[in-house]
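For reference, chains read A, B and C in written order, and residue numbers begin at 1 within each chain.
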Amino acid sequence: MSERAASKDPGSRASSAGTPPRVRAALAAVGIVLIALPWLIGAFGDAWVRALCFAALYVMLALGLNIVVGFAGLLDLGYIAFYAVGAYTYALLASPHLTEHFPALAHAFPHGLHVSIWITLPIGASLAAAFGILLGAPVLKLRGDYLAIVTLGFGEIIRIFLNNLNAPLNFTNGPSGITLIDQVRIDGLDFAHPSTIAGLQPSSLVLYYYLLVAMALLAMLVCIRLQNSRLGRAWMAIREDEVAARAMGINVRNVKLLAFSLGATFGGIAGGLFAAFQGFVSPESFSLMESIVVLSMIVLGGLGHVPGVVLGAVMLAMLPEVLRHTAVPLQTAVFGRVLIDSEVLRMLLYGLATVGVMLYRPRGLWPAPEHGTEGNNTPRGPGPASQVVPRHG
Amino acid sequence: MAECVLLAASVNKRFGGLQALADVEIRIDEGQIYGLIGPNGAGKTTFFNVLTGLVRPDTGTFELGGRPYRPIDPHRVAIAGIARTFQNIRLFPDMTALENVMVGRHARTHANALDAVLRTRRARVEERAIRARAHELLDEIGLSRYANQLARTLSYGDQRRLEVARALATEPRLLALDEPAAGMNATEKQALRALLDSIRTRGITILLIEHDVKLVMGLCDRVTVLDYGKVISVGTPADVQRDPAVIEAYLGIVHAEPAPRAQLQ
Amino acid sequence: MDTLVQQLLNGLVLGSLYALIALGYTMVYGVLNLINFAHGDVLMVGALAALSAIGVLHGLWPGLPGWLLLILGIMAAIPVCVSLSLVIERVAYRPLRHAPRLAPLITAIGVSILLQTMAMLIWGRNYLTFPQLLPEAPLHLGNATITVTKLVVIGLATLIMGALLWLVQATRLGRAMRATAENPRVASLMGVNPDAVIAMTFGIGAGLAAVAGVMIEATYQVAHFYMGFIPGLKAFTAAVLGGIGNIAGAMVGGIVLGLIEALGAGYIGQLTNGIFGSNYQDVFAFIVLCAVLILRPSGLLGERVADRA
């Protein structure tokens, strides 16, 4: 009986036999490229490695938002607030700011607050998750577009508070933000002053690259596991038909709340890493535009499909850099001056990506393959987020 | 004496000016196939929705398997042991037939997010079991060849059967079917009859709403007839068929013999 | 007491502006169930176009009186906003009319970004100054002051809203709009062309926004590419507060929100002992937004949304 069952179910056969050799080879190749990349690209300048680091951060953010929008079908326009929570948590616990402005703390921590990132990341993540539940609980019953606007409102409220909580007590240092944030330290290896490893001398930037890419890969793994689990199926069911899902014993409210807080957790972790990487945080980095940027990444890549989301994030994070280095000199050469500067180009790109995808390729560039019709080795993904994109688009 | 699976009493529901359910009572014993029939608008689907937590009754007491039962949330209803299908078929259209049935296992399984992320032993074992059971159910229903096909690509009759398979996956005490034969032709109805019979032999009690009187009469052990929200007749199909009140409700004409009207409950 | 009257006046000014903008949101939501995210940015483009027009006119005829320039500015903004919103409706929203609910919203967000980009390209990123067109000297009402410009805002808004109410209640077009808002399919059976009515709805909303946009820059003397977003969001709040789809609701909601914001900003310092100051002004609108959507989504006067079953 189980033999027959296995033979009828190519998906399970594939997973029980392990990943097929073709996919394994591809993954290995990608792995090698990722390891070598900073050295290769670094030859063209540090700016490119920095861009890759930001791409990794955006991948984490996109994966997190994908859980909320792509898996659970809830449009959160204030997602960047969780990024902010994670970032400011690390910033406050690992910089001179609090000890400078609160003598009581300076007294308690004479050497300054330098909480290790490995402690603050879980704290920031938990705080973000808590905010996720706080935000999610009252809004879950709202219909889709109202949910979007309320979350947008929450995001803006967070930003306004970050901008203004510098008087009478200076918590966040307002628009100036918090600077001099500690860098990451692993096992004696200080990212600020890296030592020689295995004969190579990686710069601080390269070390961050490896850390961020590793975290991004971890995030991908977590997402894929979530997707192919009982919980992932429950999310899919809710997206497809909430009433039927409930009738099957799924506690829709709690499962949606879980999506919110898991997504928030991703944001919180990415935020902490961002604060360490950039060395300073300010409310400017957490505007509505950033939430929209992350949304456009997952929409462009393929809502609900993990590889697609990663593609979208990498594309929309790297393309502005590419344009910055090509379009500016190109315009200067052709027109004698820069008509469209890189900031505007970046925004133009996001706007076009969003509108273009929705009108012409609503399932995204790399949507989940239509399952049931593919061969044995195709990983099964959820159908398109049916609340957002048309079924057969 | 067969154990009572479902006991519903004094169920009332008013929607604005309309009394949709008036003092409805039902008793379903274990292993029965119980029919709920009545003309259009009699309140059958309302009762279903009350029973499965989609609509809150004004009054009503329920017992499921001898224990008090309060149909508050639909998801708790499923966990308590009542599984339902829908009049308009509510499958998960872009999930495969197999996945649809796997979702049905949700109520009886426990792996959570942490289990999923860490791929704990419990999660892996449970996942294998879910998949295996889903395959089994598809086999029993006769849909295994569609296991990896999207639910929306199945024929109408197969979709209805899939919905039943999915409901069975929740290991219900009571399987509540909302017009399972709607839109089926004679052959499909035969197959449905056979299917429901086989489900009954496995000890699952069935409650069904149906318009097809012939199907109901041939299949059900007992029947309750509703009209304008009130129970007008209860009994075996044969009894109910002869009840003048039922005839009048369906056909709207007075019985030829000036017999006294059957006393209502 | 002085502060109270002053804040009430401020609130009326804000409220009038919100009401004008909110009408656009509410009418579009009423017929399409769509939050026209780009509405605020359409306003912005019109306002910047008006600024440019005024600059050109003043350059050509320096003797023109301020009030005339203002009127001409408004007359320049209106066709810009109307045509822009009609193009957007045709190109970005109409193809998605039968798409799942969130697709048009996401597209609207994209359009909003594109409009801001367009504005950045044409007018640059800096804050532009709007000239003082109407007499500067404030008028005194008791101990409160108000400028001529602000009075014009209130007056103009009242006039326009009155006209709109008349249009919707008493004319054939208005009846067609109300019918389409309630049930587009049935309305089309009665001979109403829903596409045309929807286009008109967008157009009228855009026209109102144009007026609001010019009055905003006239009042605050500044214009830039991001000026439409926050007022747009607040106006949407006002529309929901009054009852989405409900035209009277948008007017009421606008005024109420303006008053809440002005009174809040005016008194928050006193109420919180200086912990929170008027720099938190924007938060009020967002708090009202969240509160209304969570606690009373149908709004003060009840929502009127199309039956798009």
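Note that in this section a residue touches a chain if its C-beta (ideal position, glycine included) is under 8 Å from a C-beta of that chain, and two chains touch if they have at least 3 such contacts.
All figures in this text were calculated on a predicted structure; none of them were measured in a lab.
Q: Starting from the Cα centroid of subunit A, hunt down the chain whose centroid lies farthest away.
A: Max centre-to-centre separation from subunit A belongs to B.
Q: So which chain ends up in the middle if you average the CA atoms?
A: Centroid comparison flags A as closest.
Q: Based only on mean CA positions, could you tell me how far subunit A sits from subunit B in angstrom?
A: 44
Q: Using mean C-alpha positions as chain centres, tell me how far subunit A is from subunit C in Å, no decimals.
A: So the centroids are 34 Å from each other.
Q: Centroid of subunit B to centroid of subunit C, CA atoms only: how many Å?
A: Computed value for the inter-centroid distance: 52 Å.
Q: Quick check on subunit A: which residues sit in contact with 2+ other chains?
A: Only 386 qualify.
Q: For the complex, which residues does subunit C have touching subunit A?
A: Going through subunit C, the ones touching subunit A are 33-35, 92, 95-96, 99-107, 109-114, 116-117, 120-121, 125, 229, 233, 236-237, 240, 274-277, 279-280, 282-283, 286-287, 289-290, 293-294, 297.
Q: Considering only the defined contacts, which subunit A positions touch subunit B in the complex?
A: It comes out as residues 1-2, 5, 8-12, 222, 225-226, 228-234, 236-237, 240-241, 243-252, 258, 262, 370-372, 382-384, 386, 391.
Q: Across the complex, what residues on subunit B touch subunit A?
A: 52, 54, 73-75, 77-79, 83-84, 86, 90-96, 98-99, 102-109, 111-113, 115-117, 119, 123, 126-127, 130-132, 135-136, 144, 147-150, 153, 166, 169-170
Q: How about subunit A: which of its residues touch subunit C in the complex?
A: 75, 77, 138-139, 142-146, 148-150, 152-154, 156-157, 160-161, 164, 167-168, 288-289, 292, 295-296, 299, 339-340, 343-344, 347-348, 350-356, 358-359, 362, 386-390
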